[in-house]
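There are structures below to look over.
Presented sequentially are two complexes of chain A, the first with chain B as partner and the second with chain C.
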Partner chain A sequence: MKVTIDNITLEVEPGTTIMQAARMIGPEIAPPAMCYYEPLKGTGGKCRGCLVKVTAGSEKDPRPMPKLVPSCITTVQDGMIVENTINEQVLETRKGIVEFLLLNHPLDCPVCDQAGECHLQDFSFEHGVSSTRTVEERNTFEPVDLGPYIKLNMNRCILCYRCVYAADQLTEGRVHGVMHRGDHAEISTYIEKAIDNDFSGNVIDVCPVGALTDKTYRFKSRVWFSKPEDAHCDCDKCSGNVTLWYRGDEVIRVTGRKNEWGEVKEFICNTCRFERKKTSDWVIEGPTKIARHSVISANKYGANLIKPSFPIKQAALAYKPIDDDRDRSFLPAKKSLPSSEKK
Partner chain B sequence: MKLSNKTKVLEQGEMTLAERMYLPAIVGGMATTLKHFFSKPVTIRYPEQKRYLGPVYRGQHILKRDEAGAERCTACGLCAVACPAEAISMVAEERKAGEESLYREEKYAKVYEINMLRCIFCGLCEEACPKEAIFLRHDTMVPVFHQRDEVIWGKDKLVEKMDHRYLRDGWK
Partner chain C sequence: MKILTEHIEVPGIETIDVYRKHGGYQAVEKALKKMTPDEVTEEVKKSGLRGRGGAGFPVGMKWSFLAKPEGVPRYLVCNADESEPGTFKDHYLMWKSPHTLIEGMIVSSFALGANTSYIYVRGELMYVIHILEKAIQEAYDKGLLGKNILGSGYDLDLYVQSGGGAYICGEETALLESLEGKRGNPRNKPPFPAVKGLWQCPTVVNNVESIAATSWIVNNGGDAYAQIGIGRSTGTKLISASGHIRKPGVYEIPLGITVEDFIYSDEWCGGIREGHKLKAVVAGGSSVPILPAEMILTTASGEKRLMTYESLSDGGFATGTMLGSGGFIVMDETTCIVHNTLTFARFYHHESCGQCSPCREGTGWMDKVIKRIELGHGRKEDIDLLVDVAKKIEGNTICPLGDAAAWPVAAAIRHFRDEFEWHIEHPELATQPGAVYMRPGASWSN
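== the complex of A and B ==
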């Protein structure tokens, strides 16, 4: 199937969503995702952050879709033309979406442990406006301890339902979910029942904001001061592939390995996450690759940075050898340029 | 060896009688010296006498407290990541119940250190601070240090004293 996203045409399998197709092109084209999480089934369609404009529905019916569509749950059709970053209406709508998501979100990024790897921070930085128009009181909740390891800050929650899906699909008995309706909706457990399950810690990784955070990491360091290293161990419960976050020689946090979309493919168990915090427990594979624009790469001078692939590809495509036919006879023979020798 | 063709050879002719005596040149130099005896000196006697530093001078760092006297700094680390000289380091701590009058936010800096040898007084920490906690004073310079252990300034030196508050023009 042929689909065109931001004037870039590519072939995809039937059943691919617009989001997946856009991600194949690269992070510059992919719409932002707050609730969609590829490894979890059923996620997406809740935050509306990924709305795109479809200017032609398909080859057979080239009429534009009347409204913006959520790209994470809309499958592509043959000959579909999608506009994401080049459509004014999409960009204008995203400003509104950010405003809605931040309606009840506190501005406590200086305190929040998620700051620096927070998807809402990225989203509002890229698409939001710098001022607020709301004068109303924000919904406030007291922070709740969900078991010994997880802290729930309901203030920061954007109700993306990722943690609910994660608990449903990774653990046998989900004990937390969304209570109440509409503006009163909140993530909660049955009478604050503690979550004790081998894979419950993954709700921390899937949370796009700082609503669910690691209590063992609470206020220990900021994300950009710690140094991530890929490591693995022999674990009988999970794959054992993790990212260790170092401060000096000390492992201050263990998380699953996130890909460039911030998604964990191999979920890890609570033993790996919360209890193995010594370097001797792990086999280090090397520094984690970090995107160049990420704040996590600040003050780290390694060569382990992911350079932006899309502009490099574009530059390679647009490259033309210089047509230089000037008289070079006065130059010594060894100094002639290699490109002219090829001709 | 000649490095370039730009060198010029100066031909000096025979000196005149006045030049050979050197006396007129000496008298001229003396006159210049004598003139400076009566002009205003351009230097000041620094430690006793101080120049006005101006309202935007970037001097000694201070960690402000708010009106009620609680520390504003929440150890967010933005000053440290903004610092081009990597002079700032901090350790955060969670505020306990009963400490609300001491620290304004849920989290505070237990340790906050600035290495004054590294600091280049660029003021980027002040610009990065989201809590209006760190400022570079316009009225005080960092004093000269004589010992190595005086170089790293901790919270005892940086946090604003309640009986000697720092105010700038334009602040209420």
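== the complex of A and C ==
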């Protein structure tokens, strides 16, 4: 199937979503995802941050779609033409979405553990505006302890439902959900019942903001002061593939391995996450590869940056010499300038 | 011309014997014994009946979209979760004459090939649920429901399900989630319920009034139904009229009478209450745009506005509105539009499910801003802010609740901007009890 996103055409398998296709092109083209989380079934369509314009539905039916569509759950059709970063309406709507998400979000990034690896920070930095129009009081909630390891700060929650899907799909028994409606909806366990399950810690990893944080790590360090290393161990419950976060020689945090979209593909168990905090528990594989734009990569691992290889190749393939037949005889002769050659 | 409410005032019509005496259940006998399901669907298509829940989508066409894979059950779900402020027609019909709905359910389920059907009733209407359950039991006892109905070989089980009191569960996919026992969050579409609905099986969701009308169509033919009304607005419509009129209540009108007739004629609303005059009308339940008196009575081209889907929406949202679910709210000049808009905005703030961000945050924001204006703390830029927020919500949400929340606010500002400005510029006057802005030259009485 052929799909064109922002004038870049590529071939994809049937059943691919627009988001997946855009991610194949590269992070410059991929729409932001606040709620969509590929490894979890059923996520997506909620935050509306990834809305894109479909200017032609398919080869057979080239009419444009009347509304913006969520790219994370819309599957591509043959000959579909999508506009993401080049469409004015899309960018304008995204500004609105950032504004909506920040409306009741406390601006407490300086004391938030998620700062530096927060998807909402990235989203508002890339798509938001610098000023705010609201003078209204924010809705507030009391922080809640979900068991011995997890802290829920509902003020920061953007209700992406990722943790609900994670709790549903990774743990046994439905222990975790959303209560109430509208902007008073809150993530909750039934009457603050402690989450007690071997895989419950993964809700921290899937949380795009600082609503669910690791109590063994809270306020210990800023993420950009810590040094991530890939490591593994023999674990009878999970794959044992993790990222260790070092401050000096001390492991201050263990998380699942996130890919370049911030998604954990192999969920880890609570024993690995909360209890194995000594270097001797692990086999170190080497420094984690971190996306270049991340603040975590500041002053670290220059050699291991993920470079956007695909778009560069794409650009090289699409390169055409400029068709320029102006008279240049009066100019001093240049050494083989490819752009001045005529086809 | 009355179709649904013809015998509604007959004493005892809620019992099956009296209902049958007045021609009830003839449609079931005709459809099940003499017609095929496709013939019933064909008649409904011919009738031009449009969905009475608000969107006005042709019922016959909705039925024909139903996927019919082999070996997969199909469902008909009746949406009786009527919770739109200003709309109370389904409530009236089910309460007075439950068998009208049950007869329609049997005929429609037969046409769709559904062997299990549900009536999802709004949770607040507990006594209506009791009435419906009693009526369904009567129908079972007479062999009109259950196995092998009237010896035709067709089986149907009909269940009543109570909602939990959430407006959002009137949205068809949220209703299906709720019916499955989950939190009533709307689903992302596609897939539409006609392909994957209740328990991932093909499902049709129709409004009470649409389903009730099908039995008359089977009895009298789709062409006879299409004779009533004008153009693509065929048949009759229940209108729940409320507000500052002399005779509030539920009226069954043939589509195509003029709005002026409907408001002022003694047959319907009987005019505005003594000594007052019309200021504005919300024509189809709280979610449709409000229109000032001159625009609701005549269209932009100067013609008289009719009670039809097309005429009411004539001129788009600039000068038009929608027929919606038929919640006709009339306001006289003692009504403060800002306060009225606040009431609507507060409702949508309370009822947003909280799933997608534009609706969750936007409805709360609009509510807070309008409340501030109403309390005399408005800022000049708030009016444009409201317009912009409404624009950012509209069309960007999972379900139509976002649109429904944005339209009344946007329309109130579009048509009554001066009233909002007055509230902001003269907070000391606007916050007086009962204070209402009068346009220069306007007067209080006729």
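Operating definition for what follows: the second predicted complex is superposed on the first by the 308 of 343 C-alpha atoms of A that agree within 3 Å, B and C clash if a C-alpha of one lies under 4 Å from a C-alpha of the other, contacts with A are read in each partner's own complex, and residues count from 1 in each chain.
Here is the rule we go by: a contact is a pair of C-beta atoms (placed from the backbone, for glycine too) under 8 Å apart; a residue touches a chain by one contact, two chains touch by 3 or more.
Worth saying up front: this structure is predicted, and the values here are computed from it rather than measured.
A.B. asks: Of the two partner chains, chain B (first) and chain C (second), which one does A:W224 touch, if any: first, second, both, or neither?
C.D. replies: Touch status of A:W224: first partner only.
A.B. asks: Does chain B (first) or chain C (second) touch A:G79, or do both, or does neither?
C.D. replies: Neither partner.
A.B. asks: Have a look at where A:V295 lands relative to chain B and chain C in the superposition and call it first, second, both or neither.
C.D. replies: In the superposition, A:V295 touches chain B alone.
A.B. asks: Tell me which partner A:R133 touches in the superposition: chain B (first), chain C (second), both or neither.
C.D. replies: A:R133 contacts chain C only, not chain B.
A.B. asks: For A:P287, using the defined touch cut-off, is the partner it touches chain B, chain C, both, or neither? Pick first, second, both or neither.
C.D. replies: Neither partner.
A.B. asks: Of the partners chain B and chain C, which touch A:G57 in the superposed model: first, second, both, neither?
C.D. replies: Neither partner.
A.B. asks: Specify the partner with more touching residues on chain A, choosing between chain B and chain C.
C.D. replies: Counting residues of chain A touched by each partner, the higher count goes to C.
A.B. asks: Of the partners chain B and chain C, which touch A:V111 in the superposed model: first, second, both, neither?
C.D. replies: A:V111 contacts chain B only, not chain C.
A.B. asks: Using the touch definition from the top, list the residues of chain A that touch chain C in their complex.
C.D. replies: Checking each residue of chain A against chain C gives 44-49, 51, 67-68, 70, 73, 93, 96-97, 99-101, 103-104, 133-137, 139, 158-159, 161, 177-178, 180-185.
A.B. asks: Name, in rising order, each residue of chain C that touches chain A in their complex.
C.D. replies: 166, 168, 183, 188, 349-358, 360-365, 368-369, 372, 379, 381, 385, 389, 392, 395-398
A.B. asks: Could you pull out which chain A residues touch chain B in their complex?
C.D. replies: 108-111, 115, 218-222, 224-225, 295, 298-299
A.B. asks: Would you tell me which residues of chain B are touching chain A in their complex?
C.D. replies: Of all residues in chain B, those touching chain A are 74-78, 80-81, 86, 92-94, 105-107, 130-131.
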